[in-house]
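Some structures are shown below for you to check.
The following pair of complexes shares a single chain, subunit A, combined with subunit B in the former and subunit C in the latter.
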Partner chain A sequence: MQLMSNRKPSIAAALCMITANLLTSTIAFAQNTNDGTDSAVPNSLPAIHNAYDEPAEELGTTSVDSAILYYKESNGRVQAIEPMVSITHTTKGGSIFSGKVTFDSLTGATPNGATPWSGTQTFVAPVKGGGEHGLTGASGTLVTNPVTGLKERQYTTSPNALPLDKAFRDSRIAVDLGYSRPIAANTKLNLGVNGSVEQDYRSLSGRLGIAQDLNNKTTTLSLGVNFEHDQSKPFHGIPIAFSQMSGTPAALNSRNKTVLSAVAGVTQVLTPNLLVQLNYSFGSSKGYHSDPYRLLSVLDPTTGAPLRYLYEGRPDKRTRHSVYGAAKLATGSFVTDLSARYYHDSWGINSYTVELSEHIPLFSKAYLEPHGRYYHQSKADFFTYYLPSTAALPSFASSDSRLDSFNAVTLGLSGGFELTPKLELYANAESYRQSKSGSLGVVPVGINNQKLYSGTNSISGLVGIKFKF
Partner chain B sequence: MNNRTHPHKTYRFSAMASPCEVQIDGEDLALLDLLGRIAEAEARRIEVKFSRYNDNSIISQINRSNGATVAVDSETMALLRYANSCYELSEGLFDITSGVLRRLWTFDGSDKVPTAAQVNDLLPLVGWPKVTLGENALTLLPGMEIDFGGLGKEYAVDRAMLLISARTDVPILVNFGGDLRVSGLRADGSPWRIAVEAVDTSIDTQTLEVKGGALTTSGDAKRFLLKDGIRYSHILDPRTGWPVVDPPRSVTVAASTCMEAGIFSTLAMAKGAEAERFVTEERCAAWISR
Partner chain C sequence: MKFGKILAGTILLACTLSGCATVQPWQRDITARKSMQLGRHPHLAAARDHTYFSKEASAGGRGFDGGGCGCN
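What follows is the complex of A and B.
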């Protein structure tokens, strides 16, 4: 029997990979239209790019993107208007500088955390600047506390209605600066800082990431870390957990939180038309996690009558893990994106998300992109709608609907239109609907017909314009 | 190029010094015109950008650089990296710096074979490892040249197919001077039947059935030198500067993309007497004529 000689490894597989990669990476190169033919062929092929890369920018170009978002929750709850402008410059050497400024203006009513009741409920809150600025009619009336002599804001909730605080009004400005550059062949470094300021909240974060291309750029490994420092500083101070609702400012001015997170991922080009991605991320935060405005009702365990209202209290630590997988499939210039995410945290929340979108080119200069998302989460261990008056206080408790168990469905439609090769208009409309999932737990008989779940539905619309020079 | 039993229409133009065509199944002339224009624009874009005969092309700028570093755009960079990988995979048989050898070798059927000294004088200017490839730039030694002669037309076919298939699902054939690619089976489910031109009139034209992917042919029996009874083929070995010994008259390779087929047919030719063994070991779908 003749033994096989030691053959060199086949080059066919390697050649197939690098060819697939070349044709994928150069998919977006535009056709030159001033080439002497009369074929001003428009080109609207979407580029398939690594989800960790910046969008493929031509070297030496600057692009400006400006958009405005309108967000509205149903039943007169929060409304927001958010203008945004960003600028990205790609140098001839392949470095990318980016800057983005976002301004938010939020108004409306937010659930204060208390349960609905068959009678009128009255709440008090401290008032800014001792009350000399006055109040709008909807957000309550100014009263003088007979004990302290201080002005307080008092507001009421009609029988059987979810208690809402209508004084909610905030504005936020956020700035993000990013820089990315190749540091070696196939290695890219990115850095960034992000800061945001609200009337009662400040956040500052810095990030560092590295991406390494392997196998002729068909594989990308990436690693990123992010450090964030937040300060919560409401004008009325930080209430002590489970202290009574009060119109008197708290002694403690502010509290901080730090968040350290890391993500590791791999992206693989499988064929010229298929890209897959897998990420794992970990986050650990320490410090103040509570909502300083949020109340909890202490109820009579049988009648459900509110006896008093306490400020909520959450743990000082939270550890998060998530695994994210995504696939991007191009069929001609149709692009299908499918992703799934599983999340678990130390507060006992488990969630999963499934998302699907389809990019549909229209004629040659426009596209439509319908998208859908399904989300489910279980509740946090310390989530509760109320505290029973007969039981001892727990270590932690919150009635925030974001910690409740629920399902959410997002449906949306995006579209864009290229006015000129350098100017694009785009828009997005979305509907978001939350619904309670699972049981409500033990509910006092007297309020078992009340709607305890305080999640919301919302719609949002965005219009934007992008230009390159 | 294909059989005439099914209705099809052809858009023809000339680019990259070759006759080029786009065929579609069926009778939709407006669609054919659109797709043909897309393919033609892409062929011309690539020709203008990369032809060494165009003084303004990026290749000409690089070849005039005389040792200076030249910044290149990302598409050129992607092609240079591709050429780099091909050099490595082929252990030096595929080398885009080998074009300077044409200064010595003109395969016109005559007996003008250069001397060993002439070849040796030129070899310092040949060899991809002498090129410094940066992140977005490259540097050649003074006097070196590169060209995408072994890649450009195949890249143009694959690019044209990419752009065309974004516009239609109608079966398409793109053929730029014999480097061709089909989008898949024809509308009636039959394969495309491709006549491979015989390089030598004594051999019958071969007809190949192609269900999908690409087909390229290397070899030109009319280009050779004959001196002292030795026939010198026009396939040069970039490692020695001398013609490959006993290459096939032609090699036709089928692969999923034109670029892969083109690299395989070029390498099979450069393997000379080992061509058959090479395609067998690589499990290429190939037709070799001697």
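What follows is the complex of A and C.
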């Protein structure tokens, strides 16, 4: 049975109008500045002096920037608190040393990948530490398997509810170190390393880049490469793709993934008040790409009754391409920021993203910045909500909503306040809403009234302080 | 291929934009402003990128692919 989603919103049309407006004002401004006057501000608009109109002079300074993010998904799903702090020192010669530490603390419930059903569903999973430390009430109950004698975690999902695993709890620490220095009059070299550790995941990466200024520094060409090595090490081991979910840990402890990526870009000062940027990025990853916790329901193709639950399986390779363009236009003390990205990967996913923000000066030392983003992606070739019991197993399959076709809209408001030229407070609040796009495909009659799309809605808030000395 | 056409168009646009630029060094006061800097609040950009990376399939464009996170 084919089920169709809601009609697409007319955001694309609105963004087209905004883009046309941006281009029109740019052309008008270019005409103004070609009339022999060197005025940087269009005649029709008053010049408003604001602290953020001051030049961003960083040479010979050290800045400490710290912020804390609060993130919360609706319906009791993931909640995160993420403090971060960075220190950046810029020498008088233009070399930059930087360091950043980020800490994540995550709790909540996350979809396990199974489909909703009109009856109660019971899931059996391996238990951390062999069950010696017990379980919290929300994450399930501890039972002993009569055959294996192993302790297992058992949790249930109410009828018609999206199956969620409430045992999700993780913490992550990430460290980034960077260094940049001029190697010739108009050439900069930059390099850096990044490492992160979670309870079940480790990542280490190194990057190298070069930037070349041309045309009196109105053009900057940049090229960077990054190599990343990740290790996935869930406490219950790496499940074999399409093996049945059980309380027995897998034999294989961990698997790795490597990612090689490159970004080539050009940044151009097009007129005295307009900057544009164009990037192309490429990424190639090899190794383990599956989610070791994610399940797929095997359903009766007519009734939709769940018969068993299998671990998902994804391809071991992925190639990604992105084209990104951005423009920043100053009109008086206002700044319009528009960007767009087109993305394509070897899993069959295409996406486009459009973002727009407007920097609005407020009094002499503050600003507000409303922000909007629209995102659309198509589904991966191997995405499916379920596996029919009557068909042979496919080579790859996943029910991860991040591989589904959907739209996402972000609306937010950020702002900053320069207490002194060396001390700034800033904050941001935003909402993020995902909605299903396109057809759900063929769905068993017995579950055609169930909500199969498991995307999420979230809100987040961030406050930060930046100190320069 | 659709992506190849978009990439070719982007390269052509980049060359065209570079050719049109006539901004002199003494006209750089506006683009030197704090409000005109790309990536002015890196923590805010990182927080947004982390959310998008953990909830969407796409990556890259503004920066590198990957993400150093088991969240996707």
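As a convention for this text, the second predicted complex is superposed on the first by the 412 of 469 C-alpha atoms of A that agree within 3 Å, B and C clash if a C-alpha of one lies under 4 Å from a C-alpha of the other, contacts with A are read in each partner's own complex, and residues count from 1 in each chain.
The rule is short, and it goes like this: a residue touches a chain if its C-beta (ideal position, glycine included) is under 8 Å from a C-beta of that chain, and two chains touch if they have at least 3 such contacts.
None of the values given here were measured: they were computed from a predicted structure.
Subunit A has more of its residues touched by C than by the other of subunit B and subunit C. Legend: residue contacts after superposition of the two complexes on their common chain; A:S460 is shown touching subunit C, with no touch to subunit B.
Using the contact criterion defined above for the overlaid structures, shared-chain residue A:A185 touches subunit B, although it does not reach subunit C.
In the superposition on chain A, A:S333 makes contact with both subunit B and subunit C.
In the overlay built on the shared chain, the residue A:A67 is in contact with subunit C alone; subunit B does not reach it. By the document's definition of touching, both partners, subunit B and subunit C, reach A:N216. In the superposition on chain A, contact is made by A:V276 with subunit C only, not with subunit B.
After overlaying the two complexes on the shared chain, residue contacts for A:D316 are found with neither subunit B nor subunit C.
On subunit A, the surface touched by subunit B in one complex and the surface touched by subunit C in the other have residues 56, 216-217, 333, 361 in common.
Contacts from subunit C toward subunit A in the complex involve residues 2-3, 6-7, 10-11, 13-14, 17-18, 20-21, 23-38, 40-44, 46-48, 50-52, 55-66, 68-70, 72.
Interface residues of subunit A, counted against subunit B in their complex, comprise 7, 10-12, 14-16, 18-20, 22-23, 25-27, 29, 31-33, 35-37, 39, 41, 43, 45, 56, 58-59, 92-94, 182, 184-185, 216-217, 332-333, 361.
By the touch criterion stated above, subunit B contacts subunit A in their complex at residues 34, 37-38, 40-42, 44-45, 48-49, 71, 73-75, 78-79, 81-82, 85-86, 89-90, 133-136, 155, 158-159, 162-163, 165-167, 169, 256-257, 259-260, 263-264, 281-284. The touching residues of subunit A, when paired with subunit C in their complex, are 38, 40, 50-56, 65-67, 69, 71, 82, 84, 86, 102, 170, 172, 174, 194-196, 198, 200-201, 203-205, 207, 215-219, 224, 226, 228, 230, 232, 259, 261-263, 266-273, 275-283, 285, 320-326, 328, 330, 333, 335, 339, 341-345, 347, 349-351, 353, 359, 361, 367, 375, 377, 380, 402-403, 408, 410, 414, 416, 426, 428, 430, 432, 434, 455-456, 458, 460, 462, 464.
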